[in-house]
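Consider the two complexes below, in which chain A is the common component and chain B and chain C are the respective partners.
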Partner chain A sequence: MTHLALKNVSKHFGDFTAVKDFNLDVRKGEFVSFLGPSGCGKTTTLRMIAGFEIPTEGVISIEGIDITNKAPSQRNVGMVFQSYALFPNMTVAQNIGFGLRIRKEKESDITDRVKEMLAIINLEKKADSYPYQLSGGQMQRVALARALAIRPEVLLLDEPLSALDAKIRVSLRAEIRSIQQKLGITAIYVTHDQEEALSLSDRIVVMNMGEMEQVGTPFEIYNFPTTVFSANFVGTLNNANGEVVDPANGTLTVDGVKFESATDLKSRKKGDKVKVAIRPERFSFASEIRKANVVDAKIENITFLGSVVRIQIKIGNTRFNMDTFNNPFLELPKIGSTEQVTCSKEAVLVLDE
Partner chain B sequence: MAQTALNPKSSSPGSDWKKWLGVTPFFLFAILFLVLPSLRLVMGSFTNDEGRFTFANVLQLFQQQSILDAYWLSIRISAATAIGGGIFGFLLAYSVTVGGLPKPLRSALITFSGVASNFAGVPLAFAFIATLGRTGFVTALIKNLFGVNLYTQTEFDLYSFWGLSLTYMYFQFPLMVLIMAPALDGLKREWREAAENLGASTAQYWFRVAFPVLLPSILGSMILLFGNAFGAYATAYALTGGRLGIITIQIGAQIRGDVLHNPGLGYAMAMGMVVIMAISLMGYSWLQKRSERWLR
Partner chain C sequence: MNLLARIRRIPFWSWIWFILGALYFLLPLLATFNFSLRMERDVIGFKAYIRAFEDPEFLKTFLYSNVLALMTIIASIILIVPTAYWIRLRLPEARRIVEFITLLPFVVPAIILVFGLIRIYSSPVKIPFSDITLLKPLTTFEVGTDILIVAGYMVLGLPYMYRSVDTGMRTVDVRTLTEAAQSLGANWFTIITRVILPNIRAALLSGALLTFAIVVGEVTLASFLGVPAFGPYLFLLGQHRAYEPAALSFASFLMTWVAMGLIQLFTGGQGQAAGAH
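Right, the complex of A and B next:
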């Protein structure tokens, strides 16, 4: 059941197109992230849902009701800002109760609801503190409670963790996810941090230059990226230029070295130039598991990255990174030697530009 | 030995006085222009003509009706111009910041305010006499255009309470603009959006968020304007020639030695002013601290 829907939504600022033909159906209770580099139109899209920007084209609806041109104050959509945006002249409790007071709810109901929200964010003791007396993480929890207190249809979060320390970022992101699931609220989360998007979301919308690149679950986005952009933006990636040999059984060559790919190549012809991508962790030494795609690789360099060892290899004339998990019994090849490495057909991605 | 090794900097004999060298000009200034004059004021207030100790001067402050009237007049003029200039200055500052008037207009207003807030004394009085005095340019213009003589047909009088207030306003509202523009810039766009997002109208946002946040700055600035007008002397003297007995003019009369010559009383009156100023400055710094916390 679609709860929030964006249909052919575009936003122009003068000649500049910030968001182009955005289409998305969000289920009730779903957690969707907009992921992309700075300036790709994530915030603009979110602000159109909140009503701070009006789309140049397209329709936004909640529960089938068109809200495209409604004033922000009439939408019942909760928003959490990167800068917290707590009202500095109000206590924590007054901040949380603000929306309810505007709605002229009964004072006793407001008190109860504020208590309930304070319990959810674990800040009962800070009810009477002012924002300037709180840490960044506490302020953002209050902002979250304030946005949720009005029982919004949709919760919007615009890079809510960007201003916080790495440690708090990780713990608060888990807290946001668990609160969202507990309340079953529909949430849209804007971030440029792939790890955040991957760990939080039911679905991710990868965005680039105002356009949607790919929509999918974190699993799909990571393992089956469909475009060069989304493959590169999420995780690390080896890029290479290939040439189609046989579209029917998915064979291609990279610098003359033959690979088999599980990507459907039926739409391409023999001799087509294509972008080939393989994630570093999908390579392994052929002595371990012998499958398809066994190729000769020259060992060029070895780097320790903690839990992972990154080995720079050269296949044909193309350099690739290969990651293997670190362990004390790992036998590493000699630099300069040539070894057989392998990867599965599924690991060889053929991408759209 | 061990201590020297652990803490070599602070125990070397030379560095202590070097640290103080930088602030010496400040202390010199404070002693010469703040401490010594204040001491002189206090001593003068408690000294009679023969140079002996007395309470008479200070007591007279509260007994002599004309002195109380002079304080009261000064307070009224200062308050009127602080409130009037404060409101007008706030509205101007609002229109060039939040109001979204074009950028060039803003820098023009700020530059003008910087100059005008320091335009006081004889030149200011003369400028007003030349425009709004009995034979002033604007007075004549109004007579010619509308056939109204400001001085015979209306209550207007440049040399009165309201006339002087109007003149003071000329340096009061620019000062308000200078202080309020940064404070208004400090209002975060996200506060407005958060309020709207939670269902508030523009009026509700201003009433419940923006105005309360600005209030300490507004009140604090008005206190500064109050002090600004309270201490003014030359403008009033040049404009009214002593006809309007504000406290600074009365003090001048006591110390300069016209008919009223009594330096001891003059000192006591000045000390009274210092007390009133000190109280307003305390209020100012209290409010300032509050708003700094909020507008961080």
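Right, the complex of A and C next:
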């Protein structure tokens, strides 16, 4: 059952198109992330759902009710901002209860709800503190509680962790996900951080230049990207130019080196130029295990990255990165030597431009 | 020790300029105070103060000017806060024009302003192209004159009040706070009264103090509109007596300082709150 729907939504600012033909159905309780670089239209889309921007074209609905032209205050949508946006003149409890007071709920109900929200964010002892007395992480938890206190239909989060340091970001994102699942609330999360999107979301919408590049689960987005942008934006990727040899068998060549791919190539002809992508971690040395593709690779460089060792290899005239997990007994090849490397058919992705 | 070390670190010429500045401001004040204490020959005392405060005209004009100042401050806040807010939120391109308008009172003398007001509002307000009178001339009745003088004072106080409010709004993220309040269901009135105003309290108080100081001591508008205000009273007193005006001037300085102290007291935590945002 669709809870939030965006149909053919576009937003133009003069001649500039910020969002183009955006279509998305979000189920109740689903956590969807908009992922993309700065200026890709993800925040504009979120702001259209919140009501801070009105779409130039298209319809936005919640539970089938058209909210496209409703004022933000009429939408019952909770929003968490990157800069927290807590009211500096109010205590934590007053901030959380603000939306309920606007709704003229009974004072006893407000007190109960504020207590409940403070318990959820583990800040019961900070009820009487002012925002300036809190850390960044605490302020964002209060902002989350304030947005959730009004029991919104949809929770919108606009890069809520960007202003926090790395450690707090990781712990708070787990907290956000856990609270969202506990309350079963529909959430839309805007981020440019692929790790955040991959770890939090039920589904990810990859956006580029105002358009949707790909929609899918984190597993699909990472393992089966359908466009070059999507593949490059999420994770590290080796790109190469290839040529289709046998569309029926999924065979292609990169610099004359033959590869087999699990991607359906039946719509292409022999000799077609294609973009080929292989993730670094999908390569391994053929001495360990042999997969569908076994090719000779010259070892050009080795970089130690902590848990991972990145090996730069050259297949034909194309350079690839190969990642292998670090362990104390790892035997690394010599720089300049030629080794056989292998990857599965599924690892060889053929992408649309 | 720490304080001494800090004082020693201040450059010599800074001290010289500070002392010269302090003397420039304090010497006339001390001289006025000294003069006001010498009403009786060979006696240092507060007779001038007693005489000045005993005059029923003093209390009447002072209270009247205070009421005018209060009205001016309220009307200015009602006009300027939503204007400055809307310019920050939706019309940033209008900011330069509005800033230019707010500087006009520095260029246009009060005498021009008051003659303009008298000229326009000493005739009845009529429905255009008819003889039907909507309002009799504002200068012909007391409330009408009070409205005129408050409007005039609003213009005189505009540069100070607008700048204070605008600076106050710069210290809080007006746009995001507004959007946060909107997403929680607040309407415009609630946003301004419960979110914006409390967060620019310090700026409002500064603007209010400056407006208060201008209104209480203002002479031109009050004289030409013929209202019993404190400014003209002080002026007249100065023409006929020597010691009482000095006493009243010093007393009004003290009142201003008390007001400034109160602002510090009331807004002590504001800077912290806004800064942490």
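To be clear about the criterion, the second predicted complex is superposed on the first by the 353 of 353 C-alpha atoms of A that agree within 3 Å, B and C clash if a C-alpha of one lies under 4 Å from a C-alpha of the other, contacts with A are read in each partner's own complex, and residues count from 1 in each chain.
Everything that follows uses one rule, which is that contacts are C-beta pairs under 8 Å (C-beta built on N, C-alpha and C of every residue); 3 or more make two chains touch, one makes a residue touch a chain.
Here the structure is a predicted model, which is why all the values come from computation and not from measurement.
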So, after the overlay on chain A, do chain B and chain C clash or fit? They clash
Does the superposition put A:G99 against chain B (first), chain C (second), both, or neither? both
Looking at the overlay, what does A:S337 touch: chain B (first), chain C (second), both, or neither?
neither
Worksheet item: What is the contact status of A:S307 with respect to chain B (first) and chain C (second): first, second, both, or neither?
Response: neither
(message) If we overlay the two complexes on their shared chain A, which of chain B and chain C does A:S73 touch? Say first, second, both or neither.
(response) both
Chain A contact set shared between chain B and chain C covers 50-52, 71-79, 81, 83, 85-89, 98-99, 102-103, 130, 132, 143, 146-147, 150
As the complex stands, chain C meets chain A at residues 172-173, 176-177, 179-187, 190, 195, 198-199, 201, 269, 272-277
Residue set of chain A touching chain B in the complex reads 50-52, 71-79, 81, 83, 85-89, 98-99, 102-103, 130, 132, 143, 146-147, 150
In the complex, the residues of chain A that touch chain C are 50-52, 71-79, 81, 83-89, 98-99, 102-103, 130-133, 143, 146-147, 150, 156
So, in the complex, the side of chain B touching chain A is made of residues 188, 190-191, 193-201, 204, 208-209, 212-213, 293-296
